[in-house]
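Order of writing sets the labels: A, B, C and D. Residues in every chain begin at 1.
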Amino acid sequence: MSRVRVAIVGGSGYTGGELIRLLLFHPQVEITQVASGSQAGHFVHSAHPNLRKISTLRFCHPDDLTSCDVLFLCLPHGVSSGEIARYRAIAPRVIDLSGDFRLRSPELYQRWYGHEHKAPSLLSEAVYGLPELHRSELTEATLVSGTGCMATTSILGLAPLYRAGIVNQSIPLVVEAKVGSSAAGAKAGPASHHPDRSGAVRSFEPTGHRHTAELIQELGQSGGELRQTVAFSATAIELVRGILVTAHVFLNERLDERAIWRVYREAYQREPFMRLVKERNGVYRYPEPKILAGSNYCDVGFELDVEQQRVVVIAALDNLMKGAAGNGVQALNCMMGWDETLGLTFPGLHPV
Amino acid sequence: MSRVRVAIVGGSGYTGGELIRLLLFHPQVEITQVASGSQAGHFVHSAHPNLRKISTLRFCHPDDLTSCDVLFLCLPHGVSSGEIARYRAIAPRVIDLSGDFRLRSPELYQRWYGHEHKAPSLLSEAVYGLPELHRSELTEATLVSGTGCMATTSILGLAPLYRAGIVNQSIPLVVEAKVGSSAAGAKAGPASHHPDRSGAVRSFEPTGHRHTAELIQELGQSGGELRQTVAFSATAIELVRGILVTAHVFLNERLDERAIWRVYREAYQREPFMRLVKERNGVYRYPEPKILAGSNYCDVGFELDVEQQRVVVIAALDNLMKGAAGNGVQALNCMMGWDETLGLTFPGLHPV
Amino acid sequence: MSRVRVAIVGGSGYTGGELIRLLLFHPQVEITQVASGSQAGHFVHSAHPNLRKISTLRFCHPDDLTSCDVLFLCLPHGVSSGEIARYRAIAPRVIDLSGDFRLRSPELYQRWYGHEHKAPSLLSEAVYGLPELHRSELTEATLVSGTGCMATTSILGLAPLYRAGIVNQSIPLVVEAKVGSSAAGAKAGPASHHPDRSGAVRSFEPTGHRHTAELIQELGQSGGELRQTVAFSATAIELVRGILVTAHVFLNERLDERAIWRVYREAYQREPFMRLVKERNGVYRYPEPKILAGSNYCDVGFELDVEQQRVVVIAALDNLMKGAAGNGVQALNCMMGWDETLGLTFPGLHPV
Amino acid sequence: MSRVRVAIVGGSGYTGGELIRLLLFHPQVEITQVASGSQAGHFVHSAHPNLRKISTLRFCHPDDLTSCDVLFLCLPHGVSSGEIARYRAIAPRVIDLSGDFRLRSPELYQRWYGHEHKAPSLLSEAVYGLPELHRSELTEATLVSGTGCMATTSILGLAPLYRAGIVNQSIPLVVEAKVGSSAAGAKAGPASHHPDRSGAVRSFEPTGHRHTAELIQELGQSGGELRQTVAFSATAIELVRGILVTAHVFLNERLDERAIWRVYREAYQREPFMRLVKERNGVYRYPEPKILAGSNYCDVGFELDVEQQRVVVIAALDNLMKGAAGNGVQALNCMMGWDETLGLTFPGLHPV
């Protein structure tokens, strides 16, 4: 059986590199081309040193892309929407890991990204590529969007509660994300300069973060239009890979721990990459991103304050895996009708 | 003029070590004794290697304490309240940095610490040793309590808004603290084992943390009895010293940024250790604990979501300094009528 | 075809955990039992949280081990040599990852480990399990020893130069190893307490380290009995996984860079896990352990001071992989006549 | 008594910032100007956020410098030697912290820095500003050079052995430095990008490092012209501030530990910033840079291999303090005839 031919545009960044790594070991896929405007002609391993001796691929120029079965776009936000027609002409299936096709309406781009969308007619067609929420749509999709890394963590942590209809939406939802430095990309600058970034606990965009829009959209889809105030804030911490989200949700009825457990178990028991983590003992009692580096798992746990009818939801993932490239491959697996775990079985390391 | 004679009980832990370091360089103080049950007879620098060649003090046994002017207690929670009579006989002024005299009522100990208080009659007498809130009481106090490190950060960040009466208390207050490993003390164990603790982003006590009680008590004092649900959670992160608190507060009226600035400026402009940090440019735009290591500053900043009437408060400090020993020395300076900054002028390092 | 039945003794430590992780995904192996005295009855994932949902294995008691095809021993140094008869009765092939069968003579144990060896007659039979040096012996071996993590890094970096006979042995060999905290094992203690271990650059055993003995033995085997003074020292650094070795070797003739390249290329061009890393440009110009976490590669590079006839050899690996469990699985693959890379293809992450 | 008027050129970098911090609290000094080409007009605390609320100084343009008593130069290597006449006209005493006046002969600049020196006639006049070696010359000096951070650590660790004449110079000296990221300066770039720099153990210039020249020059001055091969290599590690040097020295006679102790004690017992660290027990048995951050100490320890007649010297300091700005202030104190510890008493933190 011949392999599916996959190409990547924007392959020199961190998400691109992770995608190459995953697809090189994917049993059904052959990487035909990896394009990069800045790195054309260089070996892929010059940008991604972990791939030395593993691949002799070289970056091609984006203009030299030839047709393939699936095209991944790993471009900066705002770029792919302007060139999307060209990319769709190259491949019948396009998976865009940027933010350009995540939101369902052009107005939302105006509001959250601050510019007009360049291909508004495609927004209703694109599928938000989170298999746990949009699996059936993915099987038919020809344009799939990647998902924001902090949005993914938050949505996967919270969606079961919203779907179950137990959230008191008259009280604001507060979501706090802690995130590693790789989420800010491969480009160096003063904020990522090691002496200043190391050991940082740095609030950024404490209000108005773009991922809020995804959160509102997807939690709304999970349980009907969201009527709730959403307060999302993010803090950069000393970590390269990984996100931990802590979210505070109030319930519309008094539920005990078993009831919450049941909600999560029903939502996720058949999901290959969702794990419930809530232990009474030991060091790793709640989800922790540390042991997820390189894996596609999203771990979810919670704690209940019965009296306050409050649930603290704790969710963790690797921002380059389940938060970007890994989730993209999972979406590909869905689209192609393959086993969803193909190429994604690495369990993560301990200790690390 | 002769120096004030100060002794320390429980001097082998991290807070004790920090206190010794500060008092050795304090121009008005002489350390007479440092007691430690486990380290008696050893040099102080065997437990605190930064004090090599700086002090030839040795730990004495707690039973060998003699009278002095001021006694600091750095004992584990629950110990000092059982022995407080003895300590007060040794010194006319006692500053207890544990949690034993932080709360004003015995019932609160039952609820938050899970045990009966052993000296309930002293709780009304003890002063919560935060100069920014209780300066005048400190000048007369003979029993002063230290303050919880995460509580201190949260209270200093939030108190001005409560005092100004602009918080909408019908909406819950959500406070998220990010905290370094030194806050868990000097005792080794599986949770602090480097391969497992390094790079951790670890939720602990996502509900029910004891510092919540201090927060409720002190914010209540700042603006009248608190009527609000308080959701406090803490996450241990990769960091040794430092706390960053992110708190979400909703306002009871629509205010602009200048109004919030004014509230903070009025509250803190004469405070020697409070700094407002909110820059438009640069890397350090909000408070960051990284550059506070060793300093007694508490930096406070905020961001406003005008539409949501929401303020995100960001506050940072060094948990062993303004969150423990440094604040204790500042309280001592208040009690003695000295310049509040004596012994506390170290500005922190950059980069570090 | 039925899988080879493998059991592990001492499975609750870091090397044991890594071995379980590798063997769970090994296409030719079935794990029959994992024994642990302290963890018997508990799920394997209670000690190794990365294996949640991946394996439902439980630890058995060491007394309950039943016969199998291959037995891995991951016990503390000095234990297995006293119980080796019992373990060899359980399995026809034993791979002992401790130090007990690494050295070829009992006198060396007296000198470097400070105690008599409990099974001296087996020392000549045991094979030092480094496939790059002992591949042919491994195919016949029934008792194989693991290799010291810092010794492995040093030997793999240096052996080609010794084998080529170009080292001036009248000048001492100086080897400096930089090593992460996981090399000291899973047991917590004051030296691994995060506030004290974090950011440490800590010399330990600057003279007399046991791994020196392996180095002398194996470099001697590579190029005839070593006549050289060997100075080995190690420094613990801020890192969980990984070793970087820097070694200073003087040559017995004036060689240019191409000659050194040729020596390494001839030694390693057919080795699946050895990579030569020496780039003129970019950030990753020499070997770095950071991008090797989880991989079985050993990267080797060098720099030449032509005038001084000095080569600085730089070698890196993951101490739990090529330095312990990964190398053990590679040795198993050799012993069984399988493709040496089975179960060991993970390339490492970037960034991480 | 009026304060000495000090100005700084190149004040926006890390060494400049550290110098400002120290001089702001120096009891005999008044900072008159801080010049920076790129930051002119901005507050000093915009580049050095730890100085917020501590100083209201603004950077001036270098062209606007006016006369003062002492001028510190914190410019990139190769700049000050071309402008030195102008700077000496501004102040009767100049302390240049760059590499431009460290070496005593123009040929050495050609060889190690790869360019001709622009003011060769001044090289014999300039004093290598290490008080422990050149104290008496400093009292008369009008042009003083700062010292290389890794060179300083190595020299202070080794000089006593050379001065005592006990080193076997027929065997090469091998010096391995481990160094934090702040030593590479405040300018961001790919090598300092946090995801790539974090957790790095990165060899750089394994041969030919410029600090080797200082080492050769100063060890030669300590014990007569050096006849020895010097192999110096450096490894960047996960750390912001700090250097640990491990050096391997062979002795020309068989000495016991007490003899080595005596050598060091005699050399350093009256030195205010040199500490001998060699403990039998505890976690901090040898020098560690971690607890030196912000302090001006250089800690030195050793281990002896009696049989090999080898001493492993271990030395640690903070590269921005005793390795740059702190040592500069100490040199200033010497030049002015003040107590050498003025402004330099901060002991370092523990834990940190």
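Note that contacts are C-beta pairs under 8 Å (C-beta built on N, C-alpha and C of every residue); 3 or more make two chains touch, one makes a residue touch a chain.
Computed from a predicted model, the values in this text were never measured in an experiment.
When C-D is set beside B-C, which has more C-beta pairs in contact?
Per the contact counts, C-D leads.
Which chain has its C-alpha centroid farthest away from the centroid of chain B?
C
At what distance in angstrom does the C-alpha mean of chain C lie from that of chain A?
Each chain reduced to its C-alpha mean, chain A and chain C end up 36 Å apart.
With chain centres taken as the means of their Cα atoms, state the distance from chain B to chain C in Å.
The separation of the two C-alpha centroids amounts to 46 Å.
Using mean CA coordinates as chain centres, what's the gap between chain C and chain D in Å?
38
Give me the residue numbers in chain A that touch at least two other chains, ranges are fine.
Counting only residues that touch two or more other chains, chain A contributes 14, 182, 186, 190, 193, 195, 198-199, 238, 240, 283-284, 288, 351-352.
Touching residues of chain A toward chain B in the complex: what are they?
Those in contact with chain B are residues 171-172, 174, 176, 178, 190-191, 193, 195-196, 198-203, 206-208, 229, 231, 233, 235, 237-239, 242, 244, 246, 248, 250, 283-284, 286-290, 301, 303-305, 308, 310, 312, 314, 316, 351-352.
Write out the stretch or stretches of chain D touching chain B in their complex.
Spelled out, the residues of chain D in touch with chain B are 14, 17-18, 21, 24-25, 46, 48-54, 182, 186, 240-241, 275, 277, 279, 282-284, 288, 291, 293-295, 297, 299, 345-352.
Of all residues in chain D, which touch chain A in the complex?
Touching chain A from chain D are residues 14, 180-182, 186-190, 192-195, 197-199, 238, 240.
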